[in-house]
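Shared between the two complexes below is chain A, which has chain B as its partner in the first and chain C in the second.
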Partner chain A sequence: MFFHIVLERNMQLHPRYFGRNLRENLVSKLMKDVEGTCSGRHGFVVAVTGIENIGKGLIRDGTGFVTFPVKYQCVVFRPFKGEILEAVVTMVNKMGFFAEAGPVQIFVSNHLIPDDMEFQSGDMPNYTTSDGSVKIQKDSEVRLKIIGTRVDATEIFCIGTIKDDFLGVINDPATV
Partner chain B sequence: MSVVTDSLVHSSSSDDFVAFLDAELNASSPNSSPDNEAENEDELESVRIKRQKFESIEETEGSTSEGIIIRNLEASAEVDVCTHPGSFGNMCIRCGQKLDGEAGVTFGYIHKGLRLHDEEISRLRNADMKSLLCRKKLYLVLDLDHTLLNSTHLAHLSSEESYLFNQTDSLADVSKGSLFKLEHMHMMTKLRPFVRPFLKEASEMFEMYIYTMGDRPYALEMAKLLDPQGEYFNSKVISRDDGTQKHQKGLDVVLGQESAVLILDDTEHAWTKHKDNLILMERYHFFASSCRQFGFSCKSLAELKSDENETDGALAKILQVLKQVHCIYFDKDQEDLVDRDVRQVLSTVRSEVLSGCVILFSRICHGALPFLQKMAEQMGATCLTEIDSSVTHVVATDVGTEKSRWAVKENKILVHPLWIEAANYFWQKQPEENFIIKKKL
Partner chain C sequence: MIEPYNKLVKLAARAFYDDLTSKGDNQPKTGRSDNRGIAVVVLDALTRRQWVREEDLAKDLKLHTKQLRRTLRFFEEEKIITRDHRRETAKGAKIYSAAVAATADGQQTAKEGEEKVKLHTHSYCCLDYAQIYDVIRYRLHRMKHKLKDELENKNTLQEYICPNCAKRYNALDALRLVSFEDEDFHCESCNGRLEVESDKIASQEGGDGDDNARRRRREKLKDMLQKMEVQLKPLMDQLSRVKDLPVPEFGSLQAWEARASAAVRAANGDINAGDSKISQLGYNGVPMPYSGDTKVVVDFNNAEGKGEGVKSETDGTGLKVLPPWMITSGMNLTKEQRGEVKQEAKMDGTSTSTAAQYTDDKKSTIGLEDNKNIQDEYIKAYYAALLKQQQELEEAAKTQLSNTPPADDPSSSTSNRQVGMKSKREEDDDGTEWEEAPFTGNGNEGYKVDLNVEAEEVPADQEEDDDVDWEEG
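Moving on, here comes the complex of A and B:
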């Protein structure tokens, strides 16, 4: 799920950036530091949308660096247990398939794939129903339910399932 | 009339499950519409079976009305007891629970963060075995260095090899070339002659893995050179970062039954636990640095501006052996496919190489003798220690020994020990004329 929230961060700036462009330098450093990172609490920071407030800078003892507390608005993405997501399949193998929903890596194990779908190996490994009507292969879009999430510094891992009602392939790349 | 004979115990909670079922069935059984007696008999039969404890795990089949109830009950029982078949990012892949255990084996080469527990690995191996046998394929684990290719650091190229800098093939269309310079890794790699036809033909008989002692980035780069389309080794590239033991390769990270895996490697001691699956490969030394690494002072193939024979080299010969083993494995109509073991087939094929030969060793140094003797015996030869009329070959390094002179006198074939080693590498008895002992002057 996406959220638009206000976060705060203490940014350290080297004196070489002081001057007319101090604020721009601070903002670009913030974006470089924060966009693409993850935290357990907020999830994945997708983009900084605006700066709310930059506090007074404090010169640190011993170095010439100055610390600015910056309040900024950003869009974050955080998957929740029980959430339904759409994802794109990236790899299919006999253990299940891996899918991606933006920065989130989701694994759907074959235990959580409906029993009537069987793994077919070959050039393009896929899971297919016995009548061949539904196929999950690389680049298929699937709707899945998250049953567990874990966040570390740069990535979010999720376990998903498609064994419930209304879950499974949305769009077959072969027909597109 | 179909009798419900399937086991209903799908997980370990058999006691509760059976009691639960009993309760459920007793509530419904005597009054349920006995449209025909057969149906009632089925019910009673199945109740009797459910009361027993089952060790084996089978999947429920059949679509009797009983079957449908059972499946629903099973589903609710399973949710309570998750067997945690594996983990992804430290979460169970079935129930999402956090697992911090060290159980099982990491399969980082398939996808980062994936870990499977032993029961699941066995289950996958069995399931995969069936699919493999239907498609008539076995597994083949291939080593990279000195088996399929030879790599060297750019800095280690000798002066006589510097002409190679101008002869490297383009990295844009990898399938046409065999000599590649990888700037970002400071390496030059030469693919062994015949490697592409070898991979193409082997892929029809085997599911192939790469298993190298190099690190993961190196392994993936080499896989890209050997397999630019990603059709052979897609997510089956195992590097030393994926192995469970240092300096040893193991089949625990390969998702295939050991009885169906063949290994092609030039280093025997890396596979101490799986010697029976190993086909030893003659080392490919293209670069001088490789020769030096193994203590050879002769000129390398690159320095001599020559290369291994394409159609008659090591890879071509081993391909024939692989075809032979594959053919025998899938050919026997006597036994059930599931009971066959590729290791037995391999030792049978090996024992035909020198079958019928009776070998007498003469003054071979003590260190090498047991090794040579074992090699010869594995290939089907009989080894004797004393002169006997049944001897067919005398193996010696010196023409002057008593046994050597006896051999010449009795018209027995006198060969150098390398004849045995050549037979071991090529899986074929080599012409003895090529292994005559040179007279010491």
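Moving on, here comes the complex of A and C:
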């Protein structure tokens, strides 16, 4: 699920950026620093959308670096248990398959794949129904449901299932 | 009302705790030490009791206390029983005994001997019906849920195990386990190939991923689910039967004792025979602010003592005399309806015999059995008389206005109040109020509080009063 929230961060800025466009430098550095990171609490920071407030800078003794407390708005993505996501399959093996929904990695183990789909090893390992009409392989797009999350301080990992109504392949690259 | 619940407990005991062994696994099982079924026996025994002291229960069941305790502890963890431990004197234990007798047949003579001050820890246990109902429902729900989940292979976290080092992983670790050499998962520590853990109920024999195995597993699960439905049907029926019934509630140990003793008091007809000294000192002898309800009842010595008090007022030597002021008018009304004809004849006999009795406590209990009936009669009669007296008194009080204490003239009733008892506050219908004066000797002090002219008269009667004064306002 996506959220638009305000976060705060202390930015350290090198003295060489002091000048007319200190503020622009600060913002671009902020974007470079936080976009794409993940915190267990808020999820993945997708994009910084604006700056709320930049506090007074504090010059650090000895280094000359200046610390600015910056409040910024950003979009975060946080997966939840029970959430339905669309994801791209990245790897298939006999234990199941891995998929990605943006920054989130999701593992679907083979007992959470419908019983009528069989693992086929080979050059392009995949799960296929007995009549061959549905195939899950690398780069397939699947709709899945998150049934478990593992949230560390800097990492979120999910396991999902496609064993439910309206879940499974939504766009098969082989047929396109 | 308790019967359906008892049946529920018995069914549950047989369904879930039938093959429970309380022995640790390390001990070899011989025929002798095989104690399966004990749990059922204990639970059945508890359905026939309310609060019970664990030693008594052990004795009744001819079990070793340790063994029983182990079983009880297990049930406590299962939330089936509640237990209460308290350190108490022999007196405290007696309170319990009185309460037990109350539930048994209502005849109990607690004798007032010298108590050892030594404290023992006693444990009591009791079935917790409300919780049992919930526990059983929850258990059934979980069983069904687990089976159904597995049947549908839904929401289960796949586990993996390393055959070399027996390290376990689950699907949430999957990302770290992938290796790029092949498509298997590898152990983090020994790089061994992980295998799918199959500790699920029905998946023992199935090769993983095999279509046939999966089908077999499903069938087995379905079968199990069906069997469960069939075999636990009586239990579920009983659950639904019990659903709308009020839950039998015994309350905490103390509350239960209080109620039980109140019941026996009512049954015996001597409402006020309680030994208020015991009741007001807590189990550890600490005075409690107001605990008139937790009273041991049924003290025939006391009852007689009160009779004695009426007959010969001089003889108030610290007996447990029944204080008439404890009688409330509502209770007395019931007395009134009882015959008061024969009382006079019997009074003499009983009072003499009781006189003998409380000279020696031990003896009295023996002799007590014989004239218990007589005493009963006598007590009833006495109360009737007493009631009349009180009513007169109240009348007098009313006429005299509230300023003059009504208690002034009838010396018989005042004499009864002497008894070394802490008086409780009670409100009479006419607003008469009794107040507690914590200690004696200086009864006058108590009177100063709110009373008036006649105060001196009453203390004259109360020379013997060691503990308490009473007043009327």
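Details
Keep in mind that, in the parts below, the second predicted complex is superposed on the first by the 168 of 176 C-alpha atoms of A that agree within 3 Å, B and C clash if a C-alpha of one lies under 4 Å from a C-alpha of the other, contacts with A are read in each partner's own complex, and residues count from 1 in each chain.
The rule is simple: a contact is a pair of C-beta atoms (placed from the backbone, for glycine too) under 8 Å apart; a residue touches a chain by one contact, two chains touch by 3 or more.
No experiment lies behind these values; they were computed from the predicted model shown.
With chain A as the common reference, chain B cannot sit beside chain C without a clash. Once the two complexes are laid over each other on the shared chain, residue contacts for A:D123 go to chain B alone; chain C is not touched. By the touch criterion stated above, A:N93 is placed in contact with chain B and with chain C alike.
Contacts of A:Q12 after superposition: neither chain B nor chain C is touched.
Of the two partner chains placed by superposition, A:T67 touches none, neither chain B nor chain C.
Comparing 189-197, 423-431 or 441-449 from chain C against chain B in the aligned model shows that the clashing stretch is 189-197. Applying the stated touch rule to the two superposed structures, the overlap between the chain B and chain C interfaces on chain A comprises residues 91, 93-96, 98, 105, 107, 109, 111-112, 119, 121, 147-148, 150, 157, 159. Of all residues in chain A, those touching chain C in their complex are 91-96, 98, 105, 107, 109-112, 115, 118-119, 121, 125, 147-148, 150, 157, 159, 161, 163-164. By the touch criterion stated above, chain A contacts chain B in their complex at residues 81, 91, 93-96, 98, 105, 107, 109, 111-112, 119, 121, 123, 146-150, 152, 157-159.
Across the complex, chain A is touched by residues 152-158, 160, 171-175, 178, 183-185, 196, 208-209, 211, 214 of chain C. Those residues of chain B lying in contact with chain A across their complex are 85-86, 88-98, 110-111, 113-114, 116, 124, 127-128, 131, 231, 235, 255.
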